[in-house]
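You will see two complexes here that share subunit A, one where it goes with subunit B and one where it goes with subunit C.
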Partner chain A sequence: MRLLVHNLLMCNKCDKNNYPLKIEVNKSVIMELEFKKDAILKLIPKLDFEVLSNTVRELGFKQFPKQIPPNVDQDLVFLKDLHRVLFETHIMDGQLTCPNPSCKRNYPITNGIPNMILTEDEQ
Partner chain B sequence: MIKKKQLESFLQQVPDFDGKPNWNLEQHMTPPSFASEIIQLILNEESLENLVCADFGCGTGMLTAGLLCCNVAHVFAYEFDEKVAQDTLQTLQEMHDGAFDLIITNIKHHKFPSQKVDLILMNPPFGTKEANIDTVFLLQAFQHANGNVYSIHKSSTRQYLEKLAIENKRTFKVLKEFEFPLPKKFSKYHKKDLAFTQVDFIKFGYVKQQEAKQDIQLN
Partner chain C sequence: MDLDIAIEAREKVRNPTIKLNKKLAIAIATLTKSEKKPFDQLVTQEPSNKLIAVHFGVGDQDDYDTICNYVKQFGQNKIMIYPVRNYAFIEFQNIQQSLQLIQSLQIFENIKFANLKYQNKERATMFFYTNEQELIGGGMCDIPNAMRQINIPGLYLIHDFITPEYEKYILDLIDKQEWSKLKQRRVQHYGYEFIYGDNTVNVNQPADKHIPAFLEDVRAKVSDLIKPQAEINQLTINEYLPGMGIPPHFDVHPPFHEKFVTISLLSGLVMSFKSFKGEEHHLYLPPRSCALFTGEVRYAWFHSIAARKIDKVEGETHFRSKRLSLTFRTIRNDLKCDCEYQFFCESQGYNPLTMKSKNPLLQEYLAKLNQIGIIQDNKVVPNKTQEEIQLLEEQQQQLLQIPKATEVEKKYVYEIYEKIAPHFSSTRYKPWPKIEQFLKSLEPGSLVADVGCGNGKYLGSNPDIEIIGTDRSENLLKICKEKSDAYQVFSADSLRLPLKSEMFDAVISIAVIHHFSNKILRQQAIKELLRICKSKGLVLIYVWAMEQEEKTFNEQDVFVPWNLQFKYEDEKVINQEVQQQFKIDDQKKTVVYKRYYHVFKQGEIEELLSEMPGFKIVNNYYDHANWVVILQKD
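The block that comes next holds the complex of A and B.
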């Protein structure tokens, strides 16, 4: 599961305070992917950048910027870091947890795939 | 732009469902010839280069594989069956180095962020097992994409879907009619192993809300 996916996922049970999901990582891997500048630039407006940045820094990449730098289309260093965290970092095993204190529902990540299915009782 | 024959040849590598397909989920593989043709039809409508896409109910990943061949930025592939999702992740990773992710979820209950992806391409269940599931997939898709939704549906539902499109401020265009092969259990024809059902490949076009408002004023 890429962090790009995490950026879009919310708790399927709750309507409020259901995003972003907290990540607990048991295993992650880096898998290289060809850098495509235009693809990354197109992706940026779709991201909740604050959530991505907080998540990335919580996972250990402390120097990742808190905001999108100015002249981003010229900033190859930033774009390559972004590519690394969005496309090349895979959470293989772990869990996602709802941030709502009255929910805290866990969604497992197994072999790189998050499972967001609710049980019948939860629907 | 990838040629139909090349694409079809590539897509023939996508394996069918392992073991017995789950009929309640209407598990059936989109045939490679079909998939390559619909990709060509989409390419006549728009460029897929660098688009962020989604495939609802991806199954074997046939349509996701097709999108990857067109140099999209990424595909979010959603699937209900855990084993199918794991298998599809494995096979597609081996076939293509493009970026895609599998998410196991129930499209009915999944909370999709609004207006997020550039394009959705899907072959949803036809609604033969669970009534109205095709409508559910479409409504979710309309909400999630600020771009075109391309989907396959039984031709018998065409009028209904055209109304649904209008209600949801989408344009409606049947790009092509097909005879879709289904194992006999899915269809009312019990005599043969394989039966064909007439389907429409439909473009539910995205209309930016500003424009829609203007249309209403003109009328």
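The block that comes next holds the complex of A and C.
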């Protein structure tokens, strides 16, 4: 799972305060991918950048900007960081947790695949 | 002169050459039509271990035994009988065995046949070598596939309602009673005489015959079941021989109370149900079971028994034999029914004579249902406490808000894909060009969801866009990841996607919606696709078409077999060490799993969508035996 997917996922067991899910990482890997400036620029406005930034910094990349920098299309350093964060970092093992204190449902990530299926009585 | 013609005609009948040639012509015509293949391609002159037998019995269990016993003497074999078309496919272990069979046949003008006794009558059964691996067995598909379990509001099926010993005991006694003969079948009435034509009873005139004392135990048990309704006081016993049926009807409202039951004795058979909204179901009633009719199914569904000798039950052929049904009812003397299905209720304005073909009450009712948007009308029946009513209403509300997968999806879709994933994936590697074209036409940087991505064959279709896949089957998702580490997938229920709303530029749903067994679920799945899609974004939907060359469907709700090769199967299953519901085919080395599909008629997906808001259909077409729509969200 990449952080792009995390940016879209929510908990379905509850319907309030169910986004963003907390991440716990046991194993992550970097897989290099060709950098495509145009594609990443087009993708930026589709993200919840605040959520992405908070997650990245919580996971240890403290210098990652809190906001999209001005003149982002010129800021190659940032775009490459973003490329690494969004496209090249894969969380292989860990878990996602619903942020709602009265829910806290855990969703395991195994072999890079989050399991978001609820059990019969959770639906 | 006339006499000459008559004599000539009689000669023709007597002449065995003509008779056999005629049978051969019928056999050729039947096989060609049912197998959709020319006869000379179906059969071969070269000896083969496989044979086609064309037999001319009536195709019941006895005839089945006759041909099986005959063939068995030549060696171990696998035989598949296609009852409706009266032919069989036989596979011997080796050619010597089939050769022996062919050599033992009588030959008359090159026609090879055996005279076998069906129903005490000798008939010629012809045999041909074939190289086919299996036959289609056309004709069986004309028979609707019945389920052992279905969900119809108000209908309950209780298995083993009476014991085999009690069944035997009452059968002997029932047979000793006096039968009345109808045109189609024999009946016995107790309590009140039934008036056919009007399908009612004379409530003022109890029949002389009371429900017999030997049936008191079962009467009491039924009375218990229908409480608080007044005790059972009327019984009809029907005898159904193979081939007999009863046309679609519902029990008239006023002379009977709401609840009634029908108990099957001796043989099981399939009962068909059709709702006032047009919905159809087929349910197998096993011997000694009790079907309890209440509420909607009792008041507003037609039930019928097709006049057939054979039923199809979850894909398997089921031969009918003699069946008795005991129908227990309670007569209501006031003749006033206060059900909520006025449109079929004679005490509330329904007139079967003038309203049979056009029923304004029904139209009004359906219009009202559409207006309030409740498709499943399940108002609470009286005699419940206030809390119970509230609880039920809440559940109903919940059901309308979050439709859940039924047993059909669980047993015949989710579990099956989990099971067949690697084999399935090995046959689904080639992307369909029109879908790839759609994905390639999207702007670079687009965010796309593939809901029901299966083995991920579209996840790599366009490297300039981000495609995220989701599926219910974890085994299929593992295959996606094996194909490419870069593929982004997660497992989820497509009726409730764990995705934020309005995020995706495009959403695709390829061969998914047809796996849901009712309209509410199909619409729910589409609602979810639209929810996650952005304003002006596109949703591409593929559903399997009923109208297609590859397969012929005679009904829309079908179970399609998947022959899972042994190499993909758990050894414990093959060796039958674990209990399992699916058939093991030792010869073909496969386990036959079945997947549920609702195949869509032309225009059906558009109709389904017409009841939903928030988008317009920008394109629709037919591709690879699928009906396709492209929606643009408002």
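The rule we apply is simple: the second predicted complex is superposed on the first by the 123 of 123 C-alpha atoms of A that agree within 3 Å, B and C clash if a C-alpha of one lies under 4 Å from a C-alpha of the other, contacts with A are read in each partner's own complex, and residues count from 1 in each chain.
Assume a residue touches a chain if its C-beta (ideal position, glycine included) is under 8 Å from a C-beta of that chain, and two chains touch if they have at least 3 such contacts.
This is a predicted model, so every value here is computed, not measured.
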When the two structures are superposed on subunit A, do subunit B and subunit C clash or fit side by side?
clash
Could you tell me if A:R2 is touching subunit B, subunit C, both of them or neither one (first, second, both, neither)?
both
Taking the superposition on A as described, I'd like to know which of subunit B and subunit C A:V25 touches: first, second, both or neither.
neither
For A:L59, select first, second, both or neither according to whether it touches subunit B, subunit C, the two together, or no partner.
neither
First (subunit B), second (subunit C), both or neither: which does A:I68 touch?
neither
Given the options 113-121, 167-175, 437-445 or 581-589, the segment of subunit C that clashes with subunit B spans residues 437-445
Where on subunit A do the contacts from subunit B and from subunit C line up?
1-2, 4-5, 8-12, 33, 36, 38-40, 42-43, 46, 111-118, 123
In the complex of these two chains, what residues of subunit C are touching subunit A?
402, 404, 443-447, 464-466, 468, 470, 472, 474, 477-478, 481, 485-486, 488-493, 496-500, 503, 505
Residue set of subunit A touching subunit C in the complex reads 1-2, 4-5, 8-12, 19, 31, 33, 36, 38-43, 46, 48, 90, 111-118, 123
Which residues of subunit B touch subunit A once you look at their complex with the stated criterion?
49-52, 73-74, 76, 80, 82, 85-86, 89, 97, 99, 101-106, 109-113, 116-117
For the complex, give me every residue of subunit A touching subunit B.
1-2, 4-5, 8-12, 18, 33-34, 36, 38-40, 42-43, 46, 87, 111-118, 123
